[in-house]
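Across the two complexes that follow, chain A remains constant while its partner is chain B and subsequently chain C.
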Partner chain A sequence: MHESAIKELLYKIADDQLILGHRNSEWTGLGPLLEEDIAFSSMAQDKIGQSNALYSILEQLGEPAPDAVAFMRSASRFHNCIFVELPNGEYDFSLIRHFLYDTAIAIRFEMLTSSSFQKIAELSAKIRGELKYHTLHANTWIRQLGSATPESVRRLQTSLDYALPYALGMFEPSPFEAELIEKGLFAGETALQRQWQKKVEDVLSQTQLVLPDWTEVQPVTGGRYGKHSEHLQALLDEMSEVFRIDPSAEW
Partner chain B sequence: MSPSFNNQPFVLGDKEPTTFPVHSFGFFKKNVKNFAFQSVAIRLYLNRQPDLPHVNSIDPRISRLPKTGQPGQVLPKKPMDQFGTFEVFVQPKEGRPFQHEGVVHAPDIEMAYVLAKEAFTRRFTCSSLYVADTRSVFVSPFTEGDQTAYDLLQDRNESGPAEQYEIYHLLKRGKQHIHAASVRASGPVHAMLTSKDNFAGKIILNIWAIRTADIRMTKPDEKDLWQTLPEKKFRDASDYKGGDKLKEFLDRARS
Partner chain C sequence: MSEITADMIREWLKEVKDPEIPVLSLIDLGVIRDIALEGGEVTIEMTPTFVGCPALETMKEEIHKTLREKGLEKIHIDVNFRKPWTSDLISDSGRRALKSFGLAPPPPNHLFMDLDVLEYAVCPRCGNTNTELRNTFGPTLCRSIHYCNDCKEAFEQFKPL
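After this line comes the complex of A and B, so read on.
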């Protein structure tokens, strides 16, 4: 059992899902149209549910209970990439992040269905349908708005250009990269990034949006090692505000 | 508003409201249109007025919102700034017929499918879903229940190629249209007339026909979209047992 490697893998995925789930839930009640508000909120709920499932596996491996892990850690102990903690801004940025992130997480879980760590393989198979909906939703919006009006194209392009360096931070290598690959736990960030770029190129080629040369995009990294932007602690304070008033309260 | 008895099927969404029959989603659609239902895609399309002050709110999310105006000031919008509507049909369980669940607003049929999934199947169970543009739903005349809508159909010259149509029945006022048959015909009226003999002796208040090719079905590889839905009990208000908790709290407060 390669416990440290597995724990690091589970923490970074769970933290990504929790933080982006919370960010996306900030749109609840404020979404651009009723149907989209509901859909985006549901997917945020799915992400938090998936993070809970991962924290529960971590608990079985000896880590604290999911609530404590989610609500009691300080920012420097979170393993999420900086991309997911960035503020929502306007809906065009949230949609672009949703597209870039959910494309990656869907491929990541697909790769993990063949992990030698049984519990993550089982979870990955179980949530396949949820992830399929998330990418269907993202791809459909991007195709729609990526060639709708000059304003929608310009807004998405601006958000895309801003998001890409952060998005590449999703693939910051783990300190256990070689071990994860060798033991068949996870095929690795490089393999994931390759598949992700291909999928992103495929969807964007159906729009008027333009991708830069990948080699010219400088990844914004550090998140996987606990180095975050100022936005994460503010998010955590807000997210855990009620929990911290009375951690023993029953909901 | 009185039901239309002109004996000609009409297309949903293609008539003046005065000839639109009173039934559940017609009411919904009519009213929704009158609300400030932001549609033509997203906040993206609103004009920004960056000089306006922020709204003060105790909800931190509100303070972070992009500036779009101030209380009491409504930004101008184009008249009829609305997406079109799509009719949503849900199959609650494998083997059960599809039933009409309601309407979504969307810019196209693919978007309608995506939005319908969470608007109508985010709770309980679901095995499949499909959507059709409101304008591709053909509606028979209505009856008041003493005769079947099939007897009010008038044949008309439909010379299109033979294609598959889906037929739906309304059996009771206030209920949903439920899928009743699939037939091949040269048009919607012929499709209804073709299925008539199969329902002889039954009172059917209203019939819908949709060309199957106009429906965005759930694809075979999308059947797992609802895989984890039965576990999402937390979406059901009763799962929080709010009443029990309130009672406990009050009991504790009293003692």
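After this line comes the complex of A and C, so read on.
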């Protein structure tokens, strides 16, 4: 059992899902269309539910209960990438992030269906099917707005250029990278990034959006090691506000 | 009292409905994956439709309540993903119940490779496919929203998964 490596892997995925799930939920009631309001709210529910399932596996490995893990940690103990904690901004940025992130997480869970850690392999097979709806949603809107009007193309392009360095931070290597790969737990961030780039290129080639040379994009890293932007603590303070009034309350 | 069997429990669980779709029993929904009896203790293996399904806790409480009323005391519910749920597990009677409830039953899961299968859902009112997909996300995680061009009305479909 390679417990430290497994825990680190589970924490970073669960934290990504929880934090972006919370960001998605901030669109509830504010979406530019009722349909988008519902879509981002539903994806929030999926992501937070999936993070809960991952935290439950961590609990079985001796970590605190999911609620405590989600609501009681300070920012420096979160392993999410900085990308997911950035504020929603305008809809164009939220959509670009949704596309870049969900393309990656869908591939990540696909890869994890063959993990040697059986619990995560089983859960990933389940989550893989659910995420199909997320990538479908993202791809549909990117294809439409990525070649709709000069304004939609310009706004998405600006958001894409801004998002890419953060997006590459999703693939910041784990301290246990070699162990994870060698033991068949996870095929690794490099393999994931390679598949992700291919998929992103494929979808964007059907639009007027332009990707830069990948080698010229400087990844914004640190999140996997607890080094976050100022936005994470603010998000956590808001997310845990009610829970912290009385952590022992039964809901 | 005669010996309680797994078949009897399965029959009793037909009384427990999905709180989000109250015409569908947990048996017809396909979320009960196994029922095992040992020395008066029953273990029910259950798996959620969606990982983030908020109805799961209510379903568990209802199972406990129903089986206690039948005289069972030791009830364990094991929620896991060993045999994950897919929409193909909804029984034929469940599909009929969905349709009469006004919800289009899900198309076979293997057809769901891209948007096309969602695009032309069968309208549960008129049975035609002159329909449009309005949103892959609906009022609950398991439903999408469609519009029938013949009936000129919106309807929901249970999503293939």
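Methods note: the second predicted complex is superposed on the first by the 251 of 251 C-alpha atoms of A that agree within 3 Å, B and C clash if a C-alpha of one lies under 4 Å from a C-alpha of the other, contacts with A are read in each partner's own complex, and residues count from 1 in each chain.
Everything that follows uses one rule, which is that a contact is a pair of C-beta atoms (placed from the backbone, for glycine too) under 8 Å apart; a residue touches a chain by one contact, two chains touch by 3 or more.
It should be emphasised that the depicted structure is a prediction, and the values quoted were computed from it without experimental measurement.
Novice: If chain A is used to align the two complexes, do chain B and chain C fit next to each other or clash?
Specialist: When both complexes are placed onto chain A, chain B and chain C end up clashing with one another.
Novice: A:Ser4 in the overlay: touching chain B, chain C, both, or neither? Say first, second, both or neither.
Specialist: In the superposed model, A:Ser4 contacts neither chain B nor chain C.
Novice: Of the two partners chain B and chain C, which one touches more residues belonging to chain A?
Specialist: B
Novice: So, A:Leu123: does it touch chain B (first), chain C (second), both, or neither?
Specialist: second
Novice: By the touch definition at the top of the document, which applies to A:Ile48: first (chain B), second (chain C), both, or neither?
Specialist: second
Novice: Mind working out whether A:Glu35 is in touch with chain B, chain C, both or neither, as first, second, both or neither?
Specialist: both
Novice: Classify the contacts of A:Gln206 with the two partner chains as first (chain B alone), second (chain C alone), both, or neither.
Specialist: neither
Novice: Does the superposition put A:Asp92 against chain B (first), chain C (second), both, or neither?
Specialist: Touch partner of A:Asp92: chain B, not chain C.
Novice: Identify the partner contact of A:Lys132: answer first if only chain B is touched, second if only chain C is, both if each is, neither if none is.
Specialist: Both partners, chain B and chain C.
Novice: Kindly list the residues of chain A that each of chain B and chain C touches, one partner per complex.
Specialist: Overlap of chain B and chain C footprints on chain A: residues 35, 38-39, 42-43, 45, 49, 126-127, 129-130, 132-133, 136-137, 140.
Novice: Flag every residue of chain A that touches chain C in the complex, lowest number first.
Specialist: Interface residues on chain A, with respect to chain C: 35, 38-39, 41-43, 45-50, 52-53, 122-123, 125-127, 129-130, 132-133, 136-137, 140.
Novice: Show which residues of chain A lie in contact with chain B when the two form their complex.
Specialist: 26, 30, 32-36, 38-39, 42-43, 45, 49, 87-92, 126-130, 132-133, 136-137, 140-141, 144-145, 148-149, 151-152, 155, 238, 250-251
Novice: Using the touch definition from the top, list the residues of chain B that touch chain A in their complex.
Specialist: 37-39, 41-45, 60-62, 64-66, 83, 104-108, 110-111, 114-119, 122, 222, 224-228, 232, 234-235, 240, 245
Novice: In their shared complex, at which residues does chain C touch chain A?
Specialist: 47, 50-54, 80-82, 84-86, 112, 114-115, 134-139, 141, 145, 159, 161
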